[in-house]
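The following pair of complexes shares a single chain, subunit A, combined with subunit B in the former and subunit C in the latter.
Let's turn to the complex of A and B:
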């Protein structure tokens, strides 16, 4: 190691230490409460079983859809229809399932309802992540046919090359489900079906617990342990050029693909629409939007969430842009931020409470901003990582005599504009309807819209909650405008 | 550049409110729609005053306040929830500010401990019925709910979360013994989280009968829900939901003004409109409510009873 790189390394280590503080605080507080965590073993088991089942379901469906898309030559618009489901915030999907089931006259037990909502929300993600690996499969299929390997035997040829992708995508899905708070909060809490994130939240507000924060931290630690195996499996998603599809598409496959996308969207959207638009008792058209928007909690929540989402997306993108010319630091920081993106948000939320409760930051929007920055930075870095040709262009500019600084300013950064925009369109809606961190960290006067919707739902204001949910779903579709971006 | 400037202005606007003059923080279990209406009406009479509200079930509100008191950083200027015991505890520690009950006509029995905390409107726990779902004869007494005809049709809110439900548990255990709830459990009593959620599900026919608050049922009925309140002949349970000004309030005059506003004709009429019984004698009565109510004074369940209840129904917390 050369001497000149040492200070940079030291600075990076120090930064890593500071960034890891919330997790360390959580760990130290949790150690005294391991017995309580042990008592919650049934909830831990519940979390594990639900996340695993959900992962298998979404993975299977994603695979089937990916296959159908390849065979059927599914175009962008049909694909967009499927992806819509992913852009509706998870807790809004949860509400949609709640109301759709009521509309259909079905009564799903909490655990099944959670699985259904997860499947509706995360299957499009599974599809998108699996698609590159599937594309590369087509040539092998053709080779298999040439060699006379047909029917069920093809699985033995096709499965092994898929396995790494399945493991990586499965790990990512498992982490997302394990840490998901919104869906079990909407569908599980009223039925008292707990998973670790919702139990940690319930413990924080328990009137009988002698040390709510300590018990919640222990649950956080348990959650971290369950996340660990998948974290080790994790690899950055493959985004490669797709292999070509079949020359003659099978229309039936396309039909099936479209039917699933439509059904999923209906299941999530139909109940919400009915609840928001019609009086549930008289059946007359009576939109609840104006009532919902007249609620002070909703207004404040919208304002706070808008500002927080703006600030978080712009600040993280700016940081990523500024570090883009330094690939070493960029990659190292991204690795750190990845941890906060992949680990369940409950850990970060609890860690920040433990760390900052004695400071004036606590119970203000600033602690929320800090949490958002840590949570969403990874996405900004991922968005700007793309665009490898930028380096070459900057190098060309250098050849033409520009200083490194000016080369980046005049050539590099402008070339990254589409990636930055794409990153913004991904981060902004996610931050706008964030609920895991804000449910733990909000304070009176510093509510977010997610907290407001959850409050309305728990306060029996179903129609107002549905109306705001629909608005959030609409904002959530923003990234569809930037499909060419980070996917 | 202009965009950045206006963004900065937005930030100041949004985050500066905490520092603005005339800010109140209220911790309450009052139903969200009702507290919004009251706060709006108060702000109309007191322009420029910001009222921050933390609203949740009584259990969560008390937990939050306890945690803040322990940390030495309690936030609310006003507290308002269905746990009279906790009010007594706070008052005993000198943590509630006395507000002299000088509003003319106010029934003094509702100003507890000489004005440390107040009742500003009355609500009762009654039997609510979905008139479309219930085909059988309606119950008349609390005891009737244990009849086999109502098997699987019953629900009540979680007493760990809802202060009113804790009072149902305490009062009926006192009157009928804990065996009453064992009989209801055997009759398929379901536990929902909160009164509002339970009332939504009752209105949509998931249940036919519920042990729940009267005003919320009237609110849903006014929106067209097929709901009715039954005031049991052996007494509806009067749920104390006092409000008080905290001793640590940084803005006690404003907090006091809010309390007195709740006793004003405007607020009292608002209570009646939303299905509560106003506490002031001259105020209008809630629509569709009986003129006179046979009331049982409500007492919250103690720790032991709550623990037995949690074990009986397999509730966590």
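Let's turn to the complex of A and C:
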């Protein structure tokens, strides 16, 4: 190793150590309490079963939709319709399922309702992540058709190349479901169906627990252990397909794709719209937005969430942008931040409480900001990593006489503008409707909108909760704008 | 102008460039010819400063620049994918790299490469040939000591490719700038280069005028690099001759197997005592003729590996 690289490496390792502190704090506290976890083992099993089932459901549906899209040649608008489901925050989807079932006169048990909401929310993600791998199968599929390899025989041609993508996407979905707090909080808690993130939250806020933080930490550790296998298998999903589309699309596939997208959107949105827009007694149009916005907790929550989301998205993107000219440091930090994005947010939240409880940061909005920064930095780094050709363009500028600084300023950074904008449009809505970290870390006076909606729901203010949920769902569709870059 | 002395850069065993010595005179256009993976682009990247050599020295204009960063070397580069900046107009491309940005001079340069009136367009608003011209104009705007060109015409259609390479050659000669032009197309190498260097497996085998290299190659790789090549085994050696290096009325008995006409030239596949070969002569399938070789070369069998 060259001597000039040594200080950089030392600084990076020190930073990695600091960044890992919340997890280490959680680990040290949890180990002492693991034996007392008691009913937590049942809940862990519940979490494992629900997450695995949910993964299989979303993966299966995502694959079916991907296949339908491959054969049907779905356009951008149909695809956009499907993706809308993912851009609605998960806990809002949970509320949507709750109200839609009520509207249909159905009463789903908590676990089934959770599975339904997860399926509605995460199937579009499975579709998007599987799409490139499916697209790459097109040449093989075309060759198979031309040579008469049809029906079940195609599996032998298509399945082996698809398997790595199925495993990777399955792992990512499992991690997302395992760590999801919003849906089980909305649909599971009223039915006393617990998963590890909601049990950790319940223990932390329990007035009867002798050591709430210790018990919650033990649950966090269990959650981490359940996440570990998927984390070890994790590899970044492929983002671009190489194959070309079929020239003759199958209209039936397109129809099926569209029917699912519409049904999913209706199931998630119908009840929400009815609850938010119509008077439950008279049935007349009477939107609840003004009542919701008149609530001080909602107004305060909106302001805090807006500022936090803005600060988190801008700061993480700025950091990623500044580090972009240094590929080694960029990759290393991305790897660290990936860990916090992939691990259930409950672990980060609990770790930060343990680490910062003795400091003045605790129970302020700043601990929330720190949590948001650690959680969303990975997305900022991923967004800016996407412009891989920028290096070549900067090299071209340097060959033509521009200094490294000027080459990045005039060529590199301007070329990354679409990626930065795309990153902002993804991070901002996610941070705005964040609920896992907020529920654990908020303090009186530092509530976020997610916490306010959850509070309204628990207090029986369904119409107000639905109205805010609807607004968050609208903001959530911002990333759809990022799907088309200026060049 | 350009001196490469014992240049080496290794990526993996057998991959890279090895022991390259080369002199390119001021105003000279040197074409580097070789198959994919022969090290041509690596050599250009070493001269540009995008890679640093493991061993050896690079001198530009008499100054050693071996470890200099690319921006200090005073070179310009027309990349294979052109490396244009999608957010800049044609004019902005030139202004950004000019030592003293002068819009009037930049517009004049664009006019000179046939882009008059298109200065406000971005790369995606230009055709393939026009993008090529922007890349060339950008390279010239830098007023470089040497222009490096890495297969810049490979993505163009044959008609445009032929027209552009002649225009570029004329422009390079008119401006008097030194250029190293990498290609795997022998016709392009002979058309563009004052001299041609043949590369194979990371080594620069021979450098000479196109005419001499085509007619009197010292190595089998250089002989094969230009195409139109026949190789026949004879007495433990390889008998090598080009399609046109035969004449009627010699000592070799041949049977014409096939007749093809390419670009107004008649080529026949014939069976000789040593094997089959393509030759340039008039004949009909089934006809027996006697042939002589105008040029006889023999290469050791081992060179084939």
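The criterion applied here is as follows: the second predicted complex is superposed on the first by the 476 of 487 C-alpha atoms of A that agree within 3 Å, B and C clash if a C-alpha of one lies under 4 Å from a C-alpha of the other, contacts with A are read in each partner's own complex, and residues count from 1 in each chain.
Keep in mind that, in the parts below, a residue touches a chain if its C-beta (ideal position, glycine included) is under 8 Å from a C-beta of that chain, and two chains touch if they have at least 3 such contacts.
What you are looking at is a predicted structure, and each value in this text was computed from that prediction instead of being measured.
Overlaying the two complexes via subunit A leaves subunit B and subunit C side by side, clear of any clash. Which of subunit B and subunit C touches more residues of subunit A is settled by the count: it is B.
Of the two partner chains placed around the shared chain by superposition, subunit B is the only one that A:445 touches, whereas subunit C remains out of contact. After overlaying the two complexes on the shared chain, residue contacts for A:266 are found with neither subunit B nor subunit C.
Touch criterion met: A:190 reaches subunit B, while subunit C stays clear of it. Contacts of A:141 after superposition on the shared chain: neither subunit B nor subunit C is touched.
Contacts of A:231 after superposition: neither subunit B nor subunit C is touched. Look at A:400: by the touch rule set out above, it reaches subunit C but stays clear of subunit B.
Of all C-alpha pairs spanning subunit B and subunit C in the superposed arrangement, the closest lie 23 Å apart. Taken together, the subunit A residues at the contact with subunit B in this complex read 102, 107, 189-190, 192, 194, 199, 202, 205-209, 212-213, 279-282, 295-297, 303-304, 307, 310-311, 357, 363-366, 443-445, 455-456, 458-462. Against subunit C, in their complex, subunit A makes its touches with residues 392-393, 395-404, 407, 410-411, 414-415, 417, 487.
Per the touch definition, subunit B reaches subunit A in the complex via residues 7, 10-11, 14-15, 17-18, 25-27, 31-33, 36, 39-40, 50, 52-56, 59-60, 62-64, 66-67, 71, 75, 160, 191-197, 199-200, 203-204, 206, 216, 223-226, 303, 315-317.
Residues of subunit C touching subunit A in their complex: 48-50, 69-71, 73-77, 79, 81, 83, 85-88, 96-97, 99, 122, 124, 138-139, 142.
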